[in-house]
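Here come two complexes built around subunit A, the first alongside subunit B, the second alongside subunit C.
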Partner chain A sequence: MHDRVVITGIGLVTALGNNVTENLHNLTNAVSGIKQMKFLVSEQKQFPVGEVKLSNQEMCEILDLPYDCHISRTSLLGILALKEALKDSGLLDTKGLGLISGTTVAGMDITEQHYPEPLPPNKPPVHDCCSNTNFIADYFGLFDYTSTISTACSSALNSLILAKMLIENGVKYKVVAGGTEALSKFHLNGFRSLMILDENPCRPFDKTRSGLNLGEGAAYLVLESESSAKERGAKILGVLSGTGNACDAFHQTATSLSGEGAFLAMNKAITSAGITPKDVDYISAHGTGTPDNDSSESAAILRLFGDDYPPISSTKSLTGHTTSASGSIEAAFCLLAINNYFIPQNVGYSAPDENCIVPFVGENTEDLKLNNVMCNAFGFGGNDSSIIISRYE
Partner chain B sequence: MLLDLEAMIHQLLSHDMNRVFVTAIVDSVSEEEIKNLISPVKSRRFGFLQKRALAIAIKALEDGKVDKPDMILNGTFMGCIDNSLKILENMHSEGESVSMPTAFMQSTHNTISSLIAIYTNNHAYNATYSHGDISFECALQDAFLHLKSGLATSALVCKNDEITSFMQQNPDFFGTITPKDISEAWVLTTNPNITPIFEIQDVVISHKKGYDSAKILKIKL
Partner chain C sequence: MKERNFLIKHSVKIEPNKVSLDGIDVLLSERYNTFLSDIYHEKRLAYPKFFKMDILCKVGFLATEILLEAENIERFVPRRDRSIIFCNKSSSVSTDLKFTHDILDLDNFYPKPSLFVYTLPNIVTGEIAIRNKYFGETNLFVMNDRDDNVISELVEHALMDEEINSVVGGWIDAESENDYEADLCIFEIKQ
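Moving on to the complex of A and B:
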């Protein structure tokens, strides 16, 4: 009935690299970007982080912005990624686009530098989520619709889900969606307070896993209807064929043992894509490396897919947990996997856990062809989302 | 030209789709009602805004005669900002060794929509929009499109923000922007048998440099 919603551009900035090419290179070679902090000013140096390897000043120079500490790192990362996505899709001169961005901590890096002094009244607002989304949008001047989703670690994935909704209902033709989040003291110490940070490199699904490494980054995907993409001769990278959003409704930060929310979200995504679990060729897991998340995500996957589940990996041991941006960063990785015929490795895994799935750590075979890929992102509050990206043919 | 075309296609697509009714709007709740609507035992660790938001949501669901909505949405400018400010203050006065798990958890903007889901044991679609003073309209548009296209039959859409005493004393703390102190909940349904307050024809959101606007097009019944 509907025109399919296709993806025609990717922009990526993570600890693995400042663009798609660098990310692809380090993703295929499984080279982790998690290191000791360099740009974040914090006493908590014992925690390794997935930092983007650019200072704010370097990003301002790249973007031709005056270096001025009132542009949040979240906005700078977002502009870098959005610029690449627009360029990749051939839309750098197209007006009337929509932007949906996921973020939570937003401009907290700037607010915490000033506190207890107020933010300067003569500068553009920077603290709240919306100010960051609109600052990113207005750098380009192409957007006549902007929105911000803030569902913690599933924010960017929910942005993709809303984009599909807007396109299918004819509200917008072309929507750029994703998320951005930068490291801040607030964020790092918040996760430290919850006692879910690991001082060693994280090990998703491993028996010895003991927490996550925080990361940062941004990714945006250009989404449009298939007819719009064909009409303008855009290259089509994949189809956003299914989406699912559900709530675990269990606890603000802990996950239910059975992973009810995760199960419901994955099941909705598969059903709405019109496929069955057997048709899923790869799962990009949320896989944060915390004891709770990985066992409940595993329980939900086993319930839905049985023991015969497809290859699964978490890329968070490469990028760190990029929180609000993780959904679109990992959806971008899924598109790279489909188009470059590989499955990302679950780095850091060695000891099987009876409560977890066994993730993909093997060699990629030459005849690998991924037709349907699932990408999960689960947030605090049990805001669980899942999407299916399919090969375009 | 492009906009006209988009509007036309939207109208064509809208034909034969579901009608979306608002059956309850609740924007205030007394202390007494809060005590009656939510268990004091369960809510002892909730912040001020969380309590008010939850009570108003429950009251709206009762008024709107929807037991378990297919969607729970919240629009918030700054979330439970009291918690964020507490963390900033403690990091400033005591340094980074301070541990505040509850405040951090409740500072995350989606804490209210999650709380409503947890409290009412509802696994449905759940999302939070944080887009300045049109956060509620962004959430409402998401619900409207789901109901109109038949993907959901009912929705709870809330708006929640607080002005803390710190913000009253420092009204310019965040620069030129300030949220309003508000809790409000709307119940939407496609069921024509529940007496509606009005029908939603469309929710239109637009952006110009440095400025967002939103319109809720209503049909009086």
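Moving on to the complex of A and C:
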């Protein structure tokens, strides 16, 4: 039997807060971080966004970096979250770690400020996705393996899946994986051009849902083999017990009505965890709040779980859709839910939709114990991923 | 070189003005348009969506058409046992720049959905999966420079999924309309 892959550290920066404690507080109290934009320079003020409540300059001060307007916000958010994850797992002085980071926006926020002029010379290139990962890695000087995944909104979840493979194959013993994404004019306008942004706070799975709110943030999880964690006496927060990735093969951006890719990915995750749908105690849905995503995800869930599905919620009405970082942010939320005995609320839900599941909006019970939690992230390009995180016992 | 647990069934390369299959140049009978359109016409591909694609997808589409035709098995049959694993270095930068151009002129502001769709590097894996009805894993990894060892490892990892028997994978990059490269293979698991 495989040495299990366990999680020993979490770092989180989202609209809900700048660290795990703040995120946990706002998540349990269902306080949304979606507000009118403050840091993103855009004329599209009608769209509320889930911004991290720190300016780039403030983040540079916290991180003891010279304030340089050429450091991408994506990198800064990533470093903040990664630092917390390393501290949490007690690995801030450990060399030879692996880093897998998902991003799509990367340094677009910087590049778009200069366009159409070329970037000034003598500045490190920050636009592309892997230079963003490497900039984050170089801040710590602990990583001898870096990899960057760019599969749109499933990027960060795919990072966790690759990390699990690397550990199971003995390529690395300790891998920090996740994703980071900052808001930029570029992708706000892109999502707007697709007509999937809502001018009101988003309402996942609700009959009146009419689009998503964009968000930003970063989350990294420290993954290692169970033996490595035990050997160094690390606290173990959970087990990454199952993973699945599959393709919709339907359309570049829209999901198929039947949610074929989502169904295949969730089914693979459950099978590889060696459990059955009945063993899943909570599903953290992709649940973006767009009419298409929520109905197709619901169709896939109903097909796999039947009418007797476990509690389901989307946290995107709290954080906004953090695109390439959403997978690891929501996986971190799942770990918080397991260890703090609660299910996050699906904020914004009021009217049932016959094409959708009914999400969790109730009160948490005293005796709640989550043993297996599913976390979904579906990306443009038909790239659908799902993982199972289990309680460590 | 480390022994791998896969065999290479076919390989295709596309560069500006050069296309080869299994190491043998594919010659085009006529040249009257861009090189990529000429390949499309030469191969008599009836897939008009090709003309809407961005440069990365065009190169990926044509390369996989040539590659999969060589496989000589029935095509377009839905299959879950094949995944797509690509690596590149330029992400979708060529289209990103075009899209940025469209949203920066305040007097002529119009973000085009048809262009935005292609501002993601993994759309190329989606286009190929849609065309060929592949439901397996699809992933695109961005790396600073091409590293064939890493590509081979990623292909091996994909083949560890018990459902997956073959991978369409390799290197595909498009820095601009005139500077592109595809070097793709069909990898099959060793029995």
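By our rule, the second predicted complex is superposed on the first by the 393 of 393 C-alpha atoms of A that agree within 3 Å, B and C clash if a C-alpha of one lies under 4 Å from a C-alpha of the other, contacts with A are read in each partner's own complex, and residues count from 1 in each chain.
FYI, a residue touches a chain if its C-beta (ideal position, glycine included) is under 8 Å from a C-beta of that chain, and two chains touch if they have at least 3 such contacts.
Keep in mind that what you see is a predicted model, and the values were worked out from it rather than measured.
> Put subunit B and subunit C onto subunit A via the superposition and say whether they clash or fit.
Taken together on subunit A, subunit C would clash with subunit B, as the superposition shows.
> Classify the contacts of A:Y115 with the two partner chains as first (subunit B alone), second (subunit C alone), both, or neither.
both
> Answer with first, second, both or neither: which of subunit B and subunit C does A:A269 touch in the superposed model?
neither
> Under the stated touch criterion, which partner chain does A:D138 make contact with: subunit B (first), subunit C (second), both, or neither?
Only subunit B is touched by A:D138; subunit C is not.
> Examine A:G96 and indicate which partner it touches, taking first as subunit B and second as subunit C; both and neither are also allowed.
first
> Residues of subunit A touched: more by subunit B or subunit C?
Counted on subunit A, the partner with more touching residues turns out to be B.
> Classify the contacts of A:L16 with the two partner chains as first (subunit B alone), second (subunit C alone), both, or neither.
neither
> Taking the superposition as given, does A:G170 touch the first partner, subunit B, the second, subunit C, both, or neither?
first
> Between subunit B (first) and subunit C (second), which does A:Q44 come into contact with in this model arrangement: first, second, both, or neither?
Only subunit B; A:Q44 stays clear of subunit C.
> Is there a shared patch on subunit A that both subunit B and subunit C touch, and which residues make it up?
104, 108, 111-112, 115-116, 127-131, 134, 147-152, 158, 162, 165-166, 169, 171, 185-186, 189-190, 192-195, 245-253, 260-261, 264, 379-383
> Please give the residue numbers of subunit C that touch subunit A in the complex, ascending.
78, 80, 83-84, 89-91, 93, 96-97, 99-101, 103-104, 111-113, 116-127, 129-130, 132-144, 150, 153, 157, 160-161, 163
> Along subunit A, where are the residues that touch subunit B in the complex?
Contacts found on subunit A: 42-44, 96, 99, 104, 108, 111-112, 115-116, 118-121, 123-131, 133-134, 137-138, 141, 143-152, 158, 162, 165-166, 168-173, 185-186, 189-195, 245-253, 260-261, 264, 379-383.
> Spell out the part of subunit A that touches subunit C in their complex, as residue ranges.
Counting only subunit A, the residues touching subunit C are 104, 106, 108, 111-112, 115-116, 127-131, 134, 147-152, 158, 162, 165-166, 169, 171, 185-187, 189-190, 192-195, 245-253, 260-261, 264, 268, 379-383.
> Where on subunit B does subunit A make contact in their complex?
Residues in contact with subunit A: 2-3, 6, 9-10, 12-13, 72, 76-79, 84, 87-89, 91-92, 95-101, 104-111, 113-115, 117-118, 120-132, 135, 138, 141-142, 145-146, 148-149, 170, 172-177, 205-210, 212.
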